[in-house]
Amino acid sequence: ETTLTVHYPMPGFFKDVMDTISKKFMEENPDIKIQFANPSATYEEGIQLIMRQAGTAEMPDLTFIGLNRLRMVNERDIPVDLGPFVAKEGNMAEKGFSDNILRLAQVKGKQVGLAFATSNPIMYYNADLVKAAGGNPDSPPKTWDEVVALGAKIKALGNGVEGIDFRWQGDDWMFSALLFGAGGKMLADDEKSVAFNGPEGQKAIEVLDRLVKEGGLPVFTAQAGEQAFFAGKVGIEFKTTGALRNTIKNVGDKFDLRTAQIPLIDPVNGKLPTGGNAVVILTRNAEKQEAAWKFAKFAAGPYGASVVVPGTGYVPNNELAAKSPEYLGDFYKKNPLFVAGLSQMNRMVPWYAFPGTNGVKVTQAIVENLSRVVEQTATPKEALEDAASEVESLLPRS
Amino acid sequence: MSTRTLTPGRILRLSILSFGALIFLAPYIFMISTAGKEQSEIFSSSLSLIPQQWSYVQNFTKALTRVSMTRLLLNGVIVCGLIFLLQVLIAIPCAYAMAKLKFRAARAMMVLVMLGLLVPIHATALPIYVAFDRMALLNSYFALVAPFTISVFGIFLFLQFFRAMPDDLIHAARLDGMSELGIIGRVIVPNAWPAITAFAIFSVVAHWNDLYWPLIVVSNQAYATPPLGLLYFRAAEAGDDYGALMAATLIITFPLVAAFLAAQKRFVEGITMTGLKG
Amino acid sequence: MSALSLRGIHKSFAGNPILKGISLDAEPGEFIALVGPSGCGKSTLLRILAGLETADGGEIVVGDRDLSPVPAADRNIAMVFQSYALYPHLTAAQNMAVPLVMRKLTRAQRLPFVGPLLPGRRQAVAAIRREVQDMAVSLKIDHLLDRKPGQMSGGQRQRVALGRAMVRRPAVFLMDEPLSNLDANLRVHARGEIVELHRRAGVPTLYVTHDQAEALSMADRVAVMIGGSLLQLASPQVIYDDPAHVEVARFIGQPRINLFPSQVGADATVALGGLHLQLREKLAAGTPVTMGIRPEFVHVSRSGQHGLPGRIDRIEFLGSEIILYCRLDAIGETMIARLAPAEGAGLASGMPVRLDFPAERLFAFAADGHRLASTPVSSDAVLETAHG
Amino acid sequence: MSALSLRGIHKSFAGNPILKGISLDAEPGEFIALVGPSGCGKSTLLRILAGLETADGGEIVVGDRDLSPVPAADRNIAMVFQSYALYPHLTAAQNMAVPLVMRKLTRAQRLPFVGPLLPGRRQAVAAIRREVQDMAVSLKIDHLLDRKPGQMSGGQRQRVALGRAMVRRPAVFLMDEPLSNLDANLRVHARGEIVELHRRAGVPTLYVTHDQAEALSMADRVAVMIGGSLLQLASPQVIYDDPAHVEVARFIGQPRINLFPSQVGADATVALGGLHLQLREKLAAGTPVTMGIRPEFVHVSRSGQHGLPGRIDRIEFLGSEIILYCRLDAIGETMIARLAPAEGAGLASGMPVRLDFPAERLFAFAADGHRLASTPVSSDAVLETAHG
Amino acid sequence: MAEIAEAAALRAPIVSSSAHAAAAGRHESRTAWLLSLPAITLLFVFILLPVAAVITLGFTDYELGYSGFRFVGFDNYADLFASRTFRRSLWNTAVYTGIVAPVSIFMALGLAMLIESEGIGRSFFRTAYFLPVASLLVAMATVWQYLFHPTIGPVNAMLALAGIKGPNWLGASAYVLYGLSIIGIWQSVGFNLVLFLAGLTAIPRELYQAAHVDGARSAFDRFRLVTWPMLGPTTLFVTTISIINAVKVFETVKTLTEGGPNKASEVLLFTIYQEGFVYLKVGYASAMTVVFLIILVVLMFLQYRIQDRQVHYT
């Protein structure tokens, strides 16, 4: 019998999911026992834990790591290369792991994990407010111009109602959504110079600026924005689809909650960053690796997805799960709010991870400059230029 | 002085105190109210403290069942109890020596104590973690307790308190044939209850609520402390089940409040040095 | 061999010398009263002896053991503190039991929880309880045994402090004004208890007091400490009747001795009020001296021939005696006389009187204070040398 | 009109009655000494007067103002605490300046930072400094003005505490054993200062003391408090020569009065040592009474005819006097005699003596303690009624 | 009290220093050593050694997750002093401490005295003001987010009632430090309060009685004459602890603002944490820790030396 220690972050999202999956897994594989290490509150703390424990006896056998941090972890040589396992498995696509999906958890061609829960940014809106502001809740805005216009109308309702909340804080994910949506890129292909200050980037940051100036996007902390939306005081909110289940619970029947695709600056070439995490194998013990691979496959597979999606709002990371009525087919018919994320799956590209040791700092620099735009203490151009030069200086100089 | 009559001054005093208490308690009032609300009811545009639908039972049931609350509370009691006991046993003799004995190293000790006060656990966590790992001590009560057995705060607090004690009292004890340890146990401690109780409150509260260190050294849920347990109720990216989170928080905070209520008489009981003249 | 000896004890506070070489030997079982003006260092000396304060110089020997390196707890000295120093958290009974518990119970027996289970503890504790009870009865505080110091009056606290020292059988007793807060009867009673205890224990006792009656009546010898030095250490009678120093004479005696400045006359004689003394030391004429006469030897007559003329300034009634303050006509200074109430009948302020005294009761002191041995010379003429 | 009057003050601690209805009137400028055994409630009474403790019943009137509702700070009473209660963080000078600063500077002038800028403050502060300095000189602590209480001896602290009370001009002075830690000379000196100050201030003073000399010599009237009641309040002379109660007689007088149990004989007479007294009250024969005679009236002769036969038990030397403890042959009780040293010459322990005393000095007390008025009856026969 | 000192023409206090007999002194200091030995040992193991490790790391380029490191001399320090973030967080920490420490000290002192002089509800008030100390920030963060919410928050709702437009307490860079300060005060008043309450009990009642008799009529007079000076040691202690705790502010920043917006709430410990554990640059973070410690040690020592002289009377 093999015992696997599994670590995961954000128990608020994943505890039930993990319990369900592991229970089912153990039923199917009686010779493998799953035990959970104490979960970490956030992705960051999870990574810290793994870094500290790497190489020690405390290190778990499997963990779940944010997609944008895979690169950093890989540079420290922490995850086990899953390439050989994939190769041995052969027909991964049949099991729902298309190349596209495998690629989400690859770093420079190395398969460091299997995407477990994936998300993309969507638009949430308060249909009641939209109606009150004279909009049509059944045809949500499709372009940023429409968003700005609708936001302004909602804001004009007064009574403390804000037009828009856009989750720009914390990391560069939502900026990526604007940037990728305009067809832009973070860095040049050689990863040596900044590319986000190009025209696409300028368009992206101007959208943010307009959201503030015209659309009624106030300065919120992440939680404050969310809370205000729950309270029915915000018309339109842009954030991950992963928060859907929670949002539904918190809104209850206070108002008519709807979701829709997030507008793209370039509707043709626009892409969206993939959020979420991947299951990563850490154990160096060959026997355990075998068992761990089984679990990883199972968790990231159709069954896992069928548990994760309804439980959170993440989009299925397994194509089989999405299509097969055995798993989620019916779910989407019954739960139209979840469709927005699903419908954007074809646009999902990996969340860009910066090279070098300053990877995290780079995202921080971007966020800080975004905050200047939101607080209107800098023009979009200034902020973008500053961000670009700061990021430039943080890139590896080799 | 009189407690019977309501003078204007007294009314003013009472209103200041009550108003302040209301403000200080506001977060708790909100917390208690939230613990009884359905998730969808929590964030709403109108501030209402009374839940529309009483969900206390559901929320508390959730808090009690989703984590093994008894295990957590028991761990909390064991860890805090051990820490406090060892801290007191180690800090009091040291503080006594520094306060009342002529002692060359007292000055150097003072520097150490101040340094200890300033060093945040965040700074020393990593080396200690590595050392514990090398010695395979992680995931144990030992790992949770050991780094806190030395409380510089305690030494500092007791030092201040002991200094104020009259020397004659200690002199009398020496002549009565007490050893220095005897003096500590029979004279200093009984007369330092306010300080010890105050310290107990701080120590227990700090370690009961400590999240940082348990998070680092404990990965086995058998040793999880209450706040670690609380983490299951919290998330980063989106909201969480706030009603249950607040319920769990209340459950975890309750023992502290009870302990405080029991202790607070002690530290204001007033040990006056009435055995002395001058 | 002396039971307790101090040799050249020195002590300064912040550069002020307080004790300037105190040396003192006590026989086994001797009771020495230590008296001196407030602030002269009496408490300091006791504290040094007890090991609570370190002397700047000097030696303390008890039996034949040098105490200097011995810590206070091991010196086996019992002390009554001037400030009582009772344990505020213990009742009177517990306060008094402490020294016994510390010495009579073994370390193991004193342990909490375990201790009470050990053999012999019951009996020991019962014995202690009895001793405390007896001591409390003899100090008349047995009704207070359950009170804490905060609930007692000053005198009651003082008696508890006394009891705490007295229940022990130490090598040396030190008492720092142990009766200062007691009323006269209680004081007399406690005095008796202390003397009794002292006799039974037979250990040297050093007793600081401001009450001369106490010092003179209880002590085998009285040590008079003034200005950081021991001026005289002798039996009460000698201290009183034969003071070695003007300060001793001034300090001992109630009301205080009458002192008048004077000068050595011809042939090394001195005079006061018509009385002449022959000094044994051959001092040159004109050397300043001080003449002293105790108030109880001053005889007051309303119409005598003898004696110095004066006038009554003030009469003080003290119950069993009367104190007369008279201004001497010749030198304008005050002479104090002590009379039985009967003798004072008929006297009133402002009355002219004659003050007379026997020559053999006159003391002469040199300018540096030391006593000048002298013998009376009979003469009847009032010499003017009496004036400063 | 009396300047201070207490009416029926009651106080209990934890159910124990301590003060059982104390009433007392003081004239303006009167000095009353309050004496009584340790623990009888003297300090408690002063504390009630000062407003530091609340009485369970009774009234306090100063001038014609009922003080009961007035808080302590507004009573304008100066008090010397038995335990000194000095502010440990202030120097002697600062301690003494406190009451003046509190009363002489306006609230604004006392403010930090702003205060010193106000007009008049400089002068006021200078005046206070002078007063403190003067007071310190008169109490002989001017060299200690910069010390904190922790650096002073017991007696020095006590004088600072006294000084703190005396710099003021209050409506009433309360002093709780203010001189207990001083040596005799200093005490006499301080006594003089207090009396002087009292005279100048002309306000009623309540003075607690254990020193009878102090009480008798300083006070206009002495209040004797025993067992929670005021047994007698009268001039020192009356208290001593004419005690109203056996407890008063027992309490006042050093050494204490000789008391013997006796019985009323025929015709309401009582007898002791062959002396007969006629009682004014017509008590039945056989009623138990107590006879008293003060030691200074006991005449000791080695070979007299008169008086009770006895044997010397113990001789106590007190410098200016001698105390004789004699055991009476007939009843086995001790009679104390007080003699001048000269009279005692030749006496020794164990010697048989005769003890004699004048009939007009005999006191008779009823069984409940009150004094029985009596006149001597001349007779020479030694009556056996003297025996219990 | 200035006027008392002045009226009494204060000269320099006399400090006693006595040379002592070597033998007795040796015994005493041996006992002292024995009594403090456990503490010294543990101090060494859990504070000095780790600090030494931190100092060593400060000279390396160690990064979490990598196994090896290189000594880089003072490079980290050079980077540090060039860093805008570090300067910013130094400034923010100073502002935060400057607000939280004094306010929480004086508020606690005032409350302690009000509570002690009040007959009824003492337990209730003590508990009410103490509760924040016992709060678990993991959960409280949510509550504060809500209370300080710019649109639906009760705080701004109250302000609106008074006609004031409430700021965005935790979201706006101009206000975030004040928002955090309010929470900091809320958390530390109870802590200081308990210390003051314990300190108040140690004041002999008799001194208050003496003050009454001496004519200290108003509560303020008695406060200045007795309470304040007698609380000296407690106040010194509370001040020290308050400053240290304020400088060590971390959890609120971490859970509520993450140093944002735009570094407006970046404080020292958070920066250290961010560098060390989020950016994983342990070497650099260690250097920062060392600087942090040096600043604090110097600061505290000055404060302690100055005040200590004034508050102990023996």
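Points to keep in mind about this one:
Note that the chains take the letters A, B, C, D and E in the order they are written out, and that residue 1 is the start of every chain.
We adopt the following convention: a residue touches a chain if its C-beta (ideal position, glycine included) is under 8 Å from a C-beta of that chain, and two chains touch if they have at least 3 such contacts.
Not measured: the values here are computed from a predicted model.
The fewest steps needed to get from chain B to chain C, moving only between touching chains, is 1.
With contact taken as defined at the outset, chain A and chain E are each touched by B. Annotation: D-E is the more contact-rich of the chain pairs C-E and D-E, by number of C-beta pairs in contact.
The chain with its CA mean position farthest from that of chain C is A.
Averaging C-alpha coordinates per chain places the centre of chain D 56 Å away from that of chain E.
Centre to centre, using the average C-alpha position, chain C and chain D are separated by 22 Å. Note on chain placement: the centre of chain A and the centre of chain B lie 39 Å apart, centres being C-alpha means.
Separating the CA-averaged centres of chain A and chain D is a span of 92 Å. In chain D, the residues touching two or more other chains are 71, 82-83, 86, 149, 151, 154.
In chain E, the residues that reach two or more other chains under the touch definition are 14, 16, 20, 25, 28, 31, 138, 142, 146, 152, 204, 314.
Shared interface positions of chain B, defined as residues touching 2 or more other chains, are 43-45, 126, 180, 231, 233-234, 240, 242, 271-274, 276-278. Contact residues on chain E toward chain A in their complex (touch as defined above): 63-67, 138, 141-142, 145-146, 148-152, 168, 170-173, 256-258, 260-263, 274, 277-281. Of all the residues in chain C, the ones that touch chain B in their complex are 47, 50-52, 71-73, 75-79, 81-90, 95, 98-99, 102-103, 148-150, 154, 157, 164. Contacts from chain E toward chain B in the complex involve residues 20, 25, 28-29, 31-33, 35-36, 38-40, 42-43, 46-51, 53-54, 111, 114-140, 142-144, 146-147, 152, 154, 157, 186, 189-191, 194-195, 197-198, 200-202, 204-205, 233-234, 236-237, 240-241, 244, 248, 250, 269, 272-273, 276, 282, 286, 289, 292-293, 296-297, 300-301, 304, 312, 314.
The touching residues of chain B, counted against chain E in their complex, run 3, 10, 13-14, 16-17, 20-21, 24-28, 30-31, 34, 43-45, 47, 89-91, 93-94, 96-98, 101-106, 109, 111-120, 122-124, 126-128, 146-147, 149-150, 152-153, 155-157, 160-161, 163-164, 167, 180-181, 184, 194-195, 197-198, 201-202, 205, 208-209, 211, 226-227, 230-231, 233-234, 240, 242, 245-246, 248-249, 252-253, 256-257, 260-261, 264-265, 267-274. Here chain E touches chain C in the complex through residues 14-21, 23-28, 31, going by the rule given at the top.
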